[in-house]
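Written below as structure tokens is the structure these notes are about.
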Amino acid sequence: MSFNTFGHMFRVTTFGESHGVAIGCVVDGCPPNLRFTIEEVQAALDRRRPGQSRFTTQRREPDEVKVLSGTLPHPEGGLVTTGTPIALLIENVDQRSKDYADIAGAYRPGHADFTYDIKYGIRDHRGGGRSSARETATRVAAGAIAAKVLPGVTVRGAVVRIGKIEIDRSRWDWDEVGNNPFFCPDPGTVPLFEEYLDGIRKAGSSVGAVVELVAEGVPPGLGAPLYAKLDGDLAAALMGINAAKGVEIGEGFNAARLTGEQNADEMRLGNEGRPHFLANHAGGILGGISTGAPIVARFAVKPTSSILTPRQTVDRSGHETEIFTKGRHDPCVGIRAVPVGEAMVWCVLADHLLRHRGQVGQSPAWPFPQG
Amino acid sequence: MSFNTFGHMFRVTTFGESHGVAIGCVVDGCPPNLRFTIEEVQAALDRRRPGQSRFTTQRREPDEVKVLSGTLPHPEGGLVTTGTPIALLIENVDQRSKDYADIAGAYRPGHADFTYDIKYGIRDHRGGGRSSARETATRVAAGAIAAKVLPGVTVRGAVVRIGKIEIDRSRWDWDEVGNNPFFCPDPGTVPLFEEYLDGIRKAGSSVGAVVELVAEGVPPGLGAPLYAKLDGDLAAALMGINAAKGVEIGEGFNAARLTGEQNADEMRLGNEGRPHFLANHAGGILGGISTGAPIVARFAVKPTSSILTPRQTVDRSGHETEIFTKGRHDPCVGIRAVPVGEAMVWCVLADHLLRHRGQVGQSPAWPFPQG
Amino acid sequence: MSFNTFGHMFRVTTFGESHGVAIGCVVDGCPPNLRFTIEEVQAALDRRRPGQSRFTTQRREPDEVKVLSGTLPHPEGGLVTTGTPIALLIENVDQRSKDYADIAGAYRPGHADFTYDIKYGIRDHRGGGRSSARETATRVAAGAIAAKVLPGVTVRGAVVRIGKIEIDRSRWDWDEVGNNPFFCPDPGTVPLFEEYLDGIRKAGSSVGAVVELVAEGVPPGLGAPLYAKLDGDLAAALMGINAAKGVEIGEGFNAARLTGEQNADEMRLGNEGRPHFLANHAGGILGGISTGAPIVARFAVKPTSSILTPRQTVDRSGHETEIFTKGRHDPCVGIRAVPVGEAMVWCVLADHLLRHRGQVGQSPAWPFPQG
Amino acid sequence: MSFNTFGHMFRVTTFGESHGVAIGCVVDGCPPNLRFTIEEVQAALDRRRPGQSRFTTQRREPDEVKVLSGTLPHPEGGLVTTGTPIALLIENVDQRSKDYADIAGAYRPGHADFTYDIKYGIRDHRGGGRSSARETATRVAAGAIAAKVLPGVTVRGAVVRIGKIEIDRSRWDWDEVGNNPFFCPDPGTVPLFEEYLDGIRKAGSSVGAVVELVAEGVPPGLGAPLYAKLDGDLAAALMGINAAKGVEIGEGFNAARLTGEQNADEMRLGNEGRPHFLANHAGGILGGISTGAPIVARFAVKPTSSILTPRQTVDRSGHETEIFTKGRHDPCVGIRAVPVGEAMVWCVLADHLLRHRGQVGQSPAWPFPQG
């Protein structure tokens, strides 16, 4: 049972509201004797931090992370985990709540205002409370720890669509992702995104996006059939990201259009007699368990709900009214969702590695003897 | 932690393999004093049962369900829940394992054969073991119990795409769904599905599908922010269905193409001063919590992996080989996924209703006083 | 969250009422490739089975167990686990419900009748429903599977007190436990138990008992600090046995009378440089984690509540009345609790072994290199 | 699955080591709209705080608690819960780690040093790390929040035994508990405790204790049969307190000495036709469910393991050595366990109230109509 925890063996419990004292998380179940540095966690946070370009909210937050527990200084520098819970804290410093004063009563369409109020009968109206994108910083910090559980694995994300513009996959270059403010892997599409988003931003509008995540080096055997499927847990994790409205693995929705012949990932033996797949329609997961091929997942992010155009709504007192949002917001919240998506994948994979080791008694291995 | 359980307060643990003695489930946490009949559970199972048309596998399974515990006879007929765990059992009767004898060693592309073997080092090769679509019968039975937790709610599913053919949504008629072997809500598309699938079937091929699920009458307030989001749990539940490769809520992936203005669900006051939404791009969920509008979810099902065309693969002994599948299989496994999807939605909603009542202390209610 | 599940990685979900169709359990998370035989499970059940002497209830229950799932025949005989859920079923055959007909309305003191009614508003009055000692058969079956997870470990139980009679620990002989109907390790006390319990039985009375459990060969390192303490989980497991009212580890309540000097378990190096303890006041657990010394736990069982002497009570209709119980009952239910306690210890240890392997990445080992 | 979380619906996750930056907890699942003040939480912490008499450790810790999230200011003062996770933080200020420098390598008998090292291969040797009594401050803070979930309920604790001295229960007076440094309810025993503990303290020795907890006003119906028994969860919670070695409910271990007649809690109708019990051997729990009578639990605390007398032990390097402890320690750690025990009872009851409301759909009520 959990409301604010994800994971089973590698468990992350997050807390904090956008405009409260602090946000943070507790990482429980992390294996002992893993080395990491605060700088590594901070670097992950910095990738997600707003205010780095004109395409993200201008809210300034240093997002400086503190490690409160669960580690010891490593003799050779940095920290080492001890197996006890690791608490990470990020203080809120730019809490400009006054922007929100006049919207306390009216329900912003697309936001969780109405549903929080109806569920709890009370709501922290400042900046979306728990539903603020700010909460995702804690996941990114946790993801940086999770990555240490998975040596040899890489998890990378990219924006593959903003609004009506899709990248050209034939030009995919992971090295380009860090060279533009969109996490775009296709340099040819960058100027198109730029021009399009500038228009959106100036109009006080917003637009949706699709993020693609690829995990490479994941050993085969992670996951479980049916209710602990690796893809099921990824789906929950990615749908749990703010504003996510869809998740797919491998071919995803396109698989519905294919025949069995088209969708088959045939197998051959490759280097060292190791089985490999001639295609990866499955996105690296079969029957809920990783195949050893790259895990490919995508999630769709809806347009930021806060826009300048007035929209019809109702308020807490039961009156009809209009609303538009003046606060500082991302024209395309999907962009900053990239590091969040990566972090969720790290956490899910770490969790499943520990679960696998627990049930099976050893880390997963390739099946055939290798030369 | 769970491998074969879903839900938190309303918990379903399933067991059994396709070709073992029996399959079944234990429904734990079900509220007491709910009346139901075995006939109702059986009727739900019968909707899913194979062999009802030439478009589903010809495996004959009466799927007769027995209630082993957790109920008492109700004085006025049928059963009544007592609050203790309800065990449901379905014996396997048509276990034609010999069909599978020659494929024991070779990994069928698209199946979980390879991943089970690599994970567990052992595998029930008969009919897919736990990954067989047969397991889903237990979920359908559990869903029939879950429905009793939610009086006033309806959950209905339909096939909206088979391969390249999509229905015309303007002709949507729920009453048509039971009139054709495809759970198709658009009578105009039925002949197209029929002709298309006949071709697929005769060619020994298969094709994917998209299933849409709509829950109406769901009170606002179910769900929770972030890691117990109603949409997150639906995503996990639907991705947990065999062969599912994608899940979306409301606009889903299309939301990535929209602007904030297009995607806004504006609100007005309606009958009895009750707030309502002028659109439902959100699919009935905001910030992880139900809005009171219909919950709309879709999932994509890949084509059945068992096809007659030989495919390249490897076997347990580490040799390259070819395989094709002679067993009885569905040309489009997405069709029979409709009752399974409905059952998963019932279970998720029941679970969230109980969780909500627990935390908040009462069932959710509309916020404004109603005349 | 669980109502009828125990364990986290090694999870047992039980179902069934005393006088229903069947009782059973689902063992989920069991590692693959463990061999066992139905005969082994049956033998464990037979140790617990009633009607074997005049000191246990005369209810006749063959308690024949069936394995429904999660295994394959092992080529060399018996079964082998596959890593999928193992369902075990025991049909009820001697459901003499008429014994209970006249007590349907009156609350039997010491029984759960009143509390079930007040909680659920409905109750299976036949034989105690879920609270019947009969349910414990399913735990014993699960414990027999759990034992396979722990090669090299032995778990044994014994009755050390019946009513006012305590055994003489200086005469403790494990081999004697199977030679008398009391699971008594002290042959000198057996005739005293016999005479005492004969008197109790003939008077239609009942009496309590204390059961001691000892697990040997448990590797050091199982458990976790604070909320997953091995002793905390043992306490919950043993207190979860019907009629248990107290649990203690090592010195237990006697530790309150000792000084720090008296209670200290000093350490020396022994064979092969392996650290060992010069005493075991701790009962094999320090800080929630196993030390490698024998784990010693005791639990107190209250006298069977069903007695022939009339007792004052009230009934469902809100009237005062009297009740006495004619059904077949154990004069000392603590006796048959021995195999149940052993089973709970097996399950807790199996669970913690899997959890340890998951978090730490390997099975626990002695700390110092051994010659 | 949890290592550092307790509870299911009302969930408390704690973090922090004795000599780290801070300790704290996250309370998740707390119902919304509960008012409390920081002063109330602080008052609970102050009862547990060390250094208040010569009978507790002289470590000075202001234990100032901060609320980081999950609340809003209440218009009429204090705070109000919002239904989101409540993070509580206590910074460590008196981290005199040098006291521990020379014991880093040697395993202190009775402490978790050896087991942590063998489990994790690494250990925060300063002050016991997670196993330090300091961690219990976070539970006390969480318990103060839990108390708000249970209006009308009182939970009180008292020391009923220190070493060989037991209180005289006929003189029990709850009002006396706050008047002496022992939480002793019997004024006649206070001078005996005082003299006895002064001797223990001056000798650099330590001694065990028994704590009794009584919860009054608990509605009948909380708990569940078998694996979510209220007594099972209390047992785990109390055994989870540092140095606890035994737990009992009602008659506890004494029940083993009684006959069914002696142990029967007969029932009559009392005020307003409400059923009541003529005795409370059961300690307020039958079949795992609360009866409405006071819940009575006791736990035994072993003597503080840190003593001045040298003890034989081994060290990390695999050598035999001697150790004695110079740090500041409680001569009877059982005394300060009283507020911790109370807090655990609050948390368990809050958790079960929420679970009950979830499954049954309403708060528990007395069964018969009352005038």
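Order as written gives the chain letters A, B, C and D; numbering starts at 1 within each chain.
By our rule, a contact is a pair of C-beta atoms (placed from the backbone, for glycine too) under 8 Å apart; a residue touches a chain by one contact, two chains touch by 3 or more.
Because the structure is predicted, anything quoted here is derived from the model rather than measured.
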Intersection of the contact lists for chain A and chain C: B, D
- prompt: Given the pairs B-C, B-D or A-C, which one repeats the contacts seen at A-D for over half of the pairs?
  reply: B-C
Comparison of B-C and C-D (more C-beta pairs in contact): C-D
Statement: Whole-angstrom distance, CA centroid of chain B to CA centroid of chain D, is 45
Between chain D and chain C, distance of the C-alpha-averaged centres to the nearest whole Å: 26
- request: Averaged over CA atoms, how far is the centre of chain B from the centre of chain C? Could you give it in whole Å?
  value: 38
Multi-partner residues of chain B (at least 2 other chains): 1-5, 8-9, 14, 29, 32, 83-84, 119-121, 129-130, 225, 355-356, 359-360
Message: With touch defined as at the start, can you tell me which chain C residues reach chain B in the complex?
response: 1-5, 8-9, 11, 13-17, 20-24, 26, 28-29, 32-33, 66-70, 72, 80, 82-87, 89, 119-124, 129-130
Field: Residues of chain D touching chain B in the complex
entry: 1, 9, 29-32, 83-84, 225, 354-361, 363
Message: Quick check: in the complex, which residue numbers of chain D touch chain C?
response: 1-6, 8-9, 14, 107, 109-112, 114-121, 129-131, 135, 161-164, 200, 205-210, 220-229, 231-240, 244-269, 273, 275, 278, 281-283, 285-292, 300-307, 309, 311-314, 316, 318-320, 334, 355-356, 359-360, 364-369
